[in-house]
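There's a structure below that I have some questions on.
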């Protein structure tokens, strides 16, 4: 009983890594079957015009200015490269918020005052994106859209604690502390329709408190902002109250703009969650392409009520 | 004998996911022990002034223009967020080259002519970064610097096929087809010294042919360009000949600017290699934070000479 | 009463250059009276969200990342500077198109083929923005909106040759060859309403031919594109046919997004036109702040029909 | 023989606005003779790699991503346009500092505290670039390099008050209050050699006080920073003390990176100075292409000692 046993088949000589398999690396198929182990890709594709908050400026952009033909020299088989630069808000596309993204009374998590030396022209010197350790832990998805019997929740719907409790029970899941809790609104399917996606459902203040009680290492959703937009928490007076409570007060990471559609289509709600956010020094968020691998186990192992 | 068995301990209730463990997420410690399984982080940190080719313009930049105090409103616990945008060459920092990055006689891998419709203002419509499937496969590191008995290879040294063969035999490794082959020059330790790092060793044309014969899915190194700079291959007439042969002719991915120092320090040369490059539509490369997890096995399982 | 008289007083000792005058430099009043000579500012202000073609990406942006307090050190009276960078399409805001902006059968003005060496990663090596000489010549404004008796022309209206002929006669102007002809649609007053401004009137193909016959050095209008949008010229098959005929075939510059409101309010239609476009090497347009100074003269000097 | 006479001929029918004149607009010749009136162009060309302070990031960049061939459609004579975006520090190339660029004890000129609401994510809401009125006034150049008998001053030389007094007397000039005073170091000839240009001479603290006593509306020089670099003023404790005294305390504009070579070569030291800085809302500086037109007059009119 050891770590490497499942990999024995994976690397078998006659296995998937034939030359044909290598060719497959060029295909658009972004989920791989490795001897029955499917890897789910939770990142939305990145392109100019993808959904984003209007306040996040300048928006995502990629313009190709170095073309293959610019310096083509057949005698020397080259140069023959194209390249360019991306411009992207740190909170653009699928990303995870760094702890420094939010302040509580102008203090970061851990009572760190927002002062020169902490907040600088080139970002934060504490709790910024480069301090986020890779995620390699169990993940759970609560499919609230499915629980409510709809392909997607209603526009601008504020998910309640009751919705989350109901989905958890319907799915028969016990959320483990230290894991990652992902909430599905169903709006991930509208990624190519920025106007529609901008009206995605999000979490109400009481739903945030329900999540906090589960003591996760991180949370995430298939919407722009995790929180329901425009809802003010009576206790704190805050909008986007989850951001205040999770990031600034508890140090719990928030993933946004996840693609949970394929997990949902395959009824996968418990998985190994792997995410390695880019170490952008000073940044308030990091783009990331999280992966999920289904965990198959007897419910008796983890799921006692 | 099943996939999930190693994870049983990982998720044990009394395990690492105590509240203390959650707090650890805020630390700068970027390698995690999960019940004895260590995750190696192969990404170099990203910051303005990090090593890069001068031709890659504009260079990496992150400037924080939204500060916490800008809209501070204590009555409403907010708004209270900082955010900004990054600017980055697609080939900046630790990244993987997309297949479209190189052309051979103005054709991409698979005989795709570089023409309008394929090469566009917003990048390539074929073989670009968003087509790169996640890497979840075995990886091998050949520590050429260690083989040559030096902390790092000589500046601008062109690694030979003999060096690679020697390092492989000294390490007792059999490289499996379909895996990822990483070459260590030792220059990763100079990431904060861009001038020094810019003179890193790289692969000679014959070293590239040695690697090609191993039939990897991807390769990588701890330098700017994989290939030795300024060396022209007599057969093809090309400089950066590995780029021509690997990417444009064989469709084998190249990772650059890897941090292999911690693998080397721990004598880890065979590992599960996990990398999920960002799906930047049209881009010629994607930034990525690859991870490595040591594979512990009896050499008899894989290592027949 | 002649044009040059104001200059005589301009430099008089007892004149405007008192200390009070200097203070005035700080005010928002952007037109200056210099002994009776009024300078009209024809540039619209530049800000994120100003009207622009959606295809011009990334859009204009200015984010302040270096703040005064970041390195405040009272002992040394500093450092104490704020600074940042702008990002701007070359065709953003008030600008003049460079000749290289348009091609006719993939040839630039003067039969220059669009080939590598002419069109490069960093712009055009011929006929680009840095080749535009300063404009210091007479200008004329035809106020078509006023001629049609409206504050602004109808949305998406295509101005005809008859409109231009009528406005010229109503104003009693004889347009001199080599001068600059500005056409007022009235949409400049909607600069803060990007949606409205995007529907500005523009020139029809026959209006373009009328203008061409006047043999101007440059033309301009208070809209995004000079030409009426969506109108196809039957002769050339081209949309934006003025761009084809003026720039690519005749080498006549086009100014866009001018602010002609104050000229109109003051009934100034003949002026010294001064414009010094930025010498952006390789760029296809240059931002500029044109100025106009009324020419007061007896109509007999210039205006014989 | 007086200043205004050239303007009389300028608009004469038989004058310069022939068709040949129009063709001239395409040439690289950036000085125009208009009936004997020569316009001097004081802007340096803008390109990636031009001299700049390293702290001004990201640096200037122009990459052409929309190419003529991308959407070439011969049936419709188009589309057929190239375009792209520039990225530029506000203090890049020839520019004028806005008053908000400098603070004195965290206050801007006029006792405006640097506070949220004044200093914002998108720049300053007071005294920023868009508040700079066009310059249309007399200018003077003191050619210190010529006075010292050298093509250019020594590297890093700090110009003294005695140098300025000497140059003024040698040139026989009386500087008028309210005018623009330009100081020539001779380093403008090294614009294509960024390393050399970065060591340009600049003004010492006492030279700044000499200039202040002349009560100019603006000043300027052919170097990166007006002030001598690395020199600390004993009185204020400040480096770049001219910036503190001119901008923050007196509201006098500073032009930097001027090209004064052609004025010097033609011995033109008194001129009409025309400059229309771009109205970049919120920015701390504005790029500009200043023009100079020689003022020919009898010295008796202005020049009594």
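Each chain carries a letter (A, B, C and D) given by its place in the written order, and its residues are counted from 1.
Operating definition for what follows: a contact is a pair of C-beta atoms (placed from the backbone, for glycine too) under 8 Å apart; a residue touches a chain by one contact, two chains touch by 3 or more.
Quantities reported herein were computed from a predicted structural model and do not represent experimental measurements.
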Problem - Pair joined by more contacting C-beta pairs (A-C or B-C) - result: A-C
Fill in the blank from the handout: Cα centroid separation, chain C vs chain D, in Å, comes to 22
Exercise for the section: Let me have the rounded angstrom distance from the C-alpha centre of chain B over to the C-alpha centre of chain C, please. Expected result: 49
Exercise for the section: Mind checking the centre-to-centre distance between chain A and chain C? Centres are C-alpha means, answer in whole Å. Expected result: 46
Completion exercise
Residues of chain B that touch at least two other chains are 48, 57-58, 63-67, 69, 72, 84-85, 87, 120-122
Practice task
Take each protein chain as a node, join two nodes whenever their chains touch, and name the resulting shape: line, ring, star, complete or other.
Solution key: complete
Completion exercise
chain C residues touching chain A in their complex are 48, 57-59, 61, 63, 65-67, 69-72, 87, 116, 120-122
Practice task
Flag every residue of chain B that touches chain C in the complex, lowest number first.
Solution key: 63-67, 84-85
